[in-house]
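The following pair of complexes shares a single chain, subunit A, combined with subunit B in the former and subunit C in the latter.
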Partner chain A sequence: MIKKFFDKIRPNFEAGGKWHSLHSLFEGMESFLLVPNRTSAVGVSVHDAIDSKRIMSFVVIALLPALLFGMYNVGYQHYRAAGLDGTFLELFGYGFLAVLPKIIVSYVVGLGIEFAVAQWKGEEIQEGYLVTGLLVPLIVPVSCPLWMLALAVAFSVIFVKEIFGGTGMNIFNPAIVARAFLFFSYPNQMSGENVWVSKESILGLGKDLPDTFTMATPLGTASAGHYVAPPLDDMIIGLMPGSIGETSVIAIAIGAVILLWTRIASWRTMVSVFVGGALTAALFHSLGATPLMWYEHLFLGGFCFGAVFMATDPVTSARTEQGKYIYGFLIGVVAILVRVANPGYPEGMMLAILLMNALAPLIDYCFVQRNISKRAKRAAHK
Partner chain B sequence: MEKTIKIRKGLDLNLAGEAQRQTRPEAPAKLYALVPDDFHGVKPRPVVKEGDKVEAGSPLFVAKHDERIRFVSPVSGTVSAIVRGERRKILSIQVIPDGQNASRSFTIPEGKALTAESLKALLLESGLFAYLRSRPYDVVASPDDQPKGIFISTFSKMPLAADFSYVLDGQEADFQRAVSALALLAPVYLGIAPEQVDRLGNTTDATVYCFDGPNPSGNVGVHINHVSPINKGETVWTLGAEEALFVGRLLRTGHVDLTRRIAIAGSDIRQPQYAEAKVGAQLASLVDGQIDATHHVRLINGNPLVGRKAAADDFLGAHVTEVCAIPEGDDRDEVLGWITPRLNDFSTNRSYFSWLQGKARRYTLDCRIKGSQRHMIMSGEYDRVFPMDIYAGYLVKAIITGNIDRQEELGIYEVAPEDFAVAEFVDSSKLELQRIVREGLDLLRKENS
Partner chain C sequence: MNKLFSKENKAVFLAPLNIDNPILVQILGICSALAVTSQLEPAIVMGLSVTVITGFSNVIISLIRKTIPNRIRIIIQLVVVAALVTIVSMLLKAFAYDVSVQLSVYVGLIITNCILMGRLEAFAMMNGPWESFLDGIGNGLGYAFILVIVGAVRELLGSGSLLGFKLIPDSLYANGYSDNGMMTMPAMALIIVGCVIWVHRSLNKEEKK
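Moving on to the complex of A and B:
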């Protein structure tokens, strides 16, 4: 039935059809609903059933626990700040309504640009943005205005992804760059004590809070020199202020299990980030440079989220297997280093990943070069 | 036997319709043909005209660059057509058999007369030299080269591949004879499977290594990489194990007999088993009456990973050891395949459920690509199934970008397209790796000549 429908409307999108200018949209929709039944002409006759659509969808599935918990937490923080009692559904509903516009804006702007570029280049639409589009709303504070989000998404899709050639060719993780763009362009809306709780009532849920209401993240308090440790179970469950998707260790752990089990994310990278972060945090704690225990450093802020969903991005991480250990380890080290040694920024994960994105090709270069010189040496000794 | 080498990387793919160990007697085909494209790296110059009578063993065409390299008819009969394609490229030289099996006889040098020179001359004259391939480039060998070794792999782990242990039955002496003779040309290295140790482990005049591991551990390229990797400036010859039997037969009888025991396999073959057939036999003679599917069927000249898509009126490839028929799949419609469980499909990725179904399950796969081509997104995918000391992904990128120096540095001289077959199967970006590598090798050969 679906096939018949597509067959019927196809002529409109072919060259000369009245909607030809939308043909990449048509193809995107068709291959989304129907598996293309194109068969191989050269090379292997049979193919593994995996494709990039499947991979990207599983990353999105892995992000869902963090997203759903993030929605609940947004409601929870608002109701707590407002001093209201709400049922679970009210809390979740509030968070859902607060977060949903961000997701919509992110997808509409990002996919819109992707569609336009695909159309312009005459290529198929690539599915990479499905993941990026969900990551971006999860790593911004809940009070981030929608126009800022749209601007950041547009900037990162165009300048970080498309000018390099699209999914698979980018050097930096587009979601992280979107956040960095916001962080450096609008620091007041991205950090500090004023941004972590949604302050308006939405569709009758919640109530308006005064503009002067503030609530600091634990890392914010640590950075300001008066660290207030949240209870450990809050830290793990994630009922504390922070970017939308990054507070709950449990929700992120569920995502991590999905990604590792399906081997979509590299365990080498993920484990190395945690090892690097833990060792560095323990070292700084023993030197008295930070009041946080090593595990608090790992549980707070964006560390877990970054380690699981950002550092493991296969495109921007190191591509050699040994390189992944070094890449991950250094992300952990640099993230903690920025947190502890830099007075300006309470959180270092974003900068650590960006820095290592830039260095990943260098790490790979060393390992590939080792293989090359081994081969050259062998030839010289023959 | 020298030693056992354990191969860890790779992937065994179990497809339904593996050939049973029984052989149908040879049913002579109505038409035979040599296809010059089967002998990569050779521009053909025909030495027969339409209507000429030929014997088995008489040349049909020679290589333009070196006319000593001959390509001989598998049967006696009449040259019926020299089929040309675009720009007069020769597609095939066809022979209608006369059924008499007249065969040219060759003088076999015996005893002391059997030297490297006389053997090479015999192989060239009888057309069997054309079955030797040389690396780098994976092309027909040149008689002027002095290879550092001749590598023969006696097994293939490719899905539905013919089992050489079965093919060898009754021909052990021919195989040993061939190995001993080839050892005159260069040291012979034999790569065998663990279950062949008893039968082939004590082959003389050869260095025997046992390779234990998943596909592509049977690829001769993997053996070379582990035993004696090719450096720039070196040459290695490779020969199919069944093609060594041709040599053994020639030395025993003085006649060229290009009969193979071909596996007829695949989920769309009614009774998968072996069949005797000569190189160049029309495929229809092998599969007639075997396929009765209602869906579209793809016939493959070779196995589903390295074989070529074929039609029933195509001809059995020169290096082909099996003919397969599997569903084409272009008549199948599947909705939302990227999220459904797809229990009947195979994937190495655990987002599908193949991992739950045990290693014994045999799959019926069709030829759909099941995805669209993308840039290389995932890392390490190729390396998991590429058991050589080579960064496969980086090498492929160097080939795509046409960076010749980098290809050399990364080890392109050691590989052949078939070594990338498993990587191409698992690739989530659906790149045509074998085509890319073939084009890379061809370009490099052109630049270096």
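Moving on to the complex of A and C:
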């Protein structure tokens, strides 16, 4: 039925049709809703049953648990801060209304730029923003103003993606860069104790909180030197203040299972991030440099979210199989190192992934060269 | 008089302002362009200082170019530039102390500015004093021009002001606007320079080919 509709309106978008200027929008929507019916016209190419749009869709599905729980947690934190009792629906509804505008803004701005660029260059629309658009709202605090979000999304799509040639060509993860842009541009709105709980009533749900209300994240308290450990079950379920999608270990674990089961994410990267983080955290804890146990370091902040959804991004991570171990391990190490050693930054996951994104090609280069020289030696022995 | 403003001389002066701009096309002098442009005022002062120094060092080197032994020419060029930089630095301290504090070491580092050495080597060693003067002033102004653009953007978005005057009204801040802290960091200057180069190249597509 959808196909018929597209077939009917197609002539309008072909060259000479009255809406020709919108043809990339049309193609984008068509291939998003349907499996593309074209095969490559030149050269030999192997087609898998699952193309990159399907991959993106699976990642979006894997993100849903974290998103839905994030919405509930936004409502939960607000109602708890306001001292109100709410039913599950009220809590979720509040969070839904608080988070939805961010998702809409992120998609409208990001996709708008992608469509404009595709139109301008005369290329097909690239679908990579599907995932980024959902990641960005999940890694910002709930009180992040929409215009800042829009600015950050525009910045990262233009300067991190399109400049390098679009989806698949970028060296940095656009979602992380969007967050880094916000973090360095507007530190007051992105970290500290003032941003983690939504303070306004929305459509009659919840109530306005005074501006002076503050709530620190567990990592924030650790960084300030008076660590307050949340109960372990809250830590795992995720009922604690933090960026929207990052708090729940369980929801992220469901996403991780989906990603690993569909083989979209590499288990090598994922496991080595956790190993690197755990070892470093255990080392620092035994030296007395951090009050957090190693598992607390892994469960708190954006560590899980970054390890599962960001570090495994196939575009920006290392591509050689052995390289993935090194890449992941160093992300874990650097993330904990930043948390513990730098009092200014309570959270290091973002910086760690950015740094390793930049180093990933180098890691790959080393392994490729090693393989080449190994094979050369083997050939010489024969 | 005609000879002084001949077509070639005009080209010598105008080329570095646009199609042969030291920052945009030759990609020289980037480091100082990143360091001093977080506000407009130091950017202007820096641009003017470099203009004066390139202009006069070009003239001096051009005047003595026939007597400089080839093997030690770089040293002699450096001595001339260093002398001029010292004079400018002292003048700044005497008449614009605040700005010279803001610029700190970057005035002294004009000595190592690639634009200067480049112009001395590539132009003043081979041309007469008047052409060299035009070339030096042109390159200095081309550099200053970009510094002013970058400085203006960074100060406006990073501090909400220009030359220290608040331009963005308080009502906007009350409505949730806030200054972009990243604009005051050098990383953003690099991106702005990149944007200016981008605009410049798309405007001058024909001349590039």
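We adopt the following convention: the second predicted complex is superposed on the first by the 361 of 382 C-alpha atoms of A that agree within 3 Å, B and C clash if a C-alpha of one lies under 4 Å from a C-alpha of the other, contacts with A are read in each partner's own complex, and residues count from 1 in each chain.
To be clear about the criterion, contacts are C-beta pairs under 8 Å (C-beta built on N, C-alpha and C of every residue); 3 or more make two chains touch, one makes a residue touch a chain.
This structure is a prediction, so every number in the text was calculated from the model and none was measured.
Engineer: Tell me the contact category for A:376 with respect to subunit B and subunit C: first, second, both or neither.
Structural biologist: A:376 contacts subunit B only, not subunit C.
Engineer: Looking at A:184 after the superposition, I want to know if it touches subunit B, subunit C, both of them or none. Which is it: first, second, both, neither?
Structural biologist: Second partner only.
Engineer: Under the stated touch criterion, which partner chain does A:290 make contact with: subunit B (first), subunit C (second), both, or neither?
Structural biologist: neither
Engineer: May I ask you to decide whether A:316 touches subunit B, subunit C, both, or neither, giving the answer as first, second, both or neither?
Structural biologist: In the superposed model, A:316 contacts neither subunit B nor subunit C.
Engineer: Would you mind writing out the residues of subunit A in touch with subunit C in their complex?
Structural biologist: Touching subunit C from subunit A are residues 145, 147, 159, 181, 184-189.
Engineer: Would you mind writing out the residues of subunit A in touch with subunit B in their complex?
Structural biologist: The touching residues are 2-3, 31-55, 57-58, 124, 126, 128, 165-169, 261-264, 266, 314-315, 317-321, 368, 371-372, 374-376, 378-379, 382.
Engineer: Flag every residue of subunit C that touches subunit A in the complex, lowest number first.
Structural biologist: 176-178, 180-183, 185, 187, 191
Engineer: Note which residues of subunit B are touching subunit A in the complex, please.
Structural biologist: The contact residues of subunit B facing subunit A are 13, 15, 159, 229, 231-234, 298, 300, 304-309, 324, 326, 328-339, 342, 345-352, 365-372, 374-380, 383, 389-391, 393-394, 409-411, 421, 424-430, 432-435.
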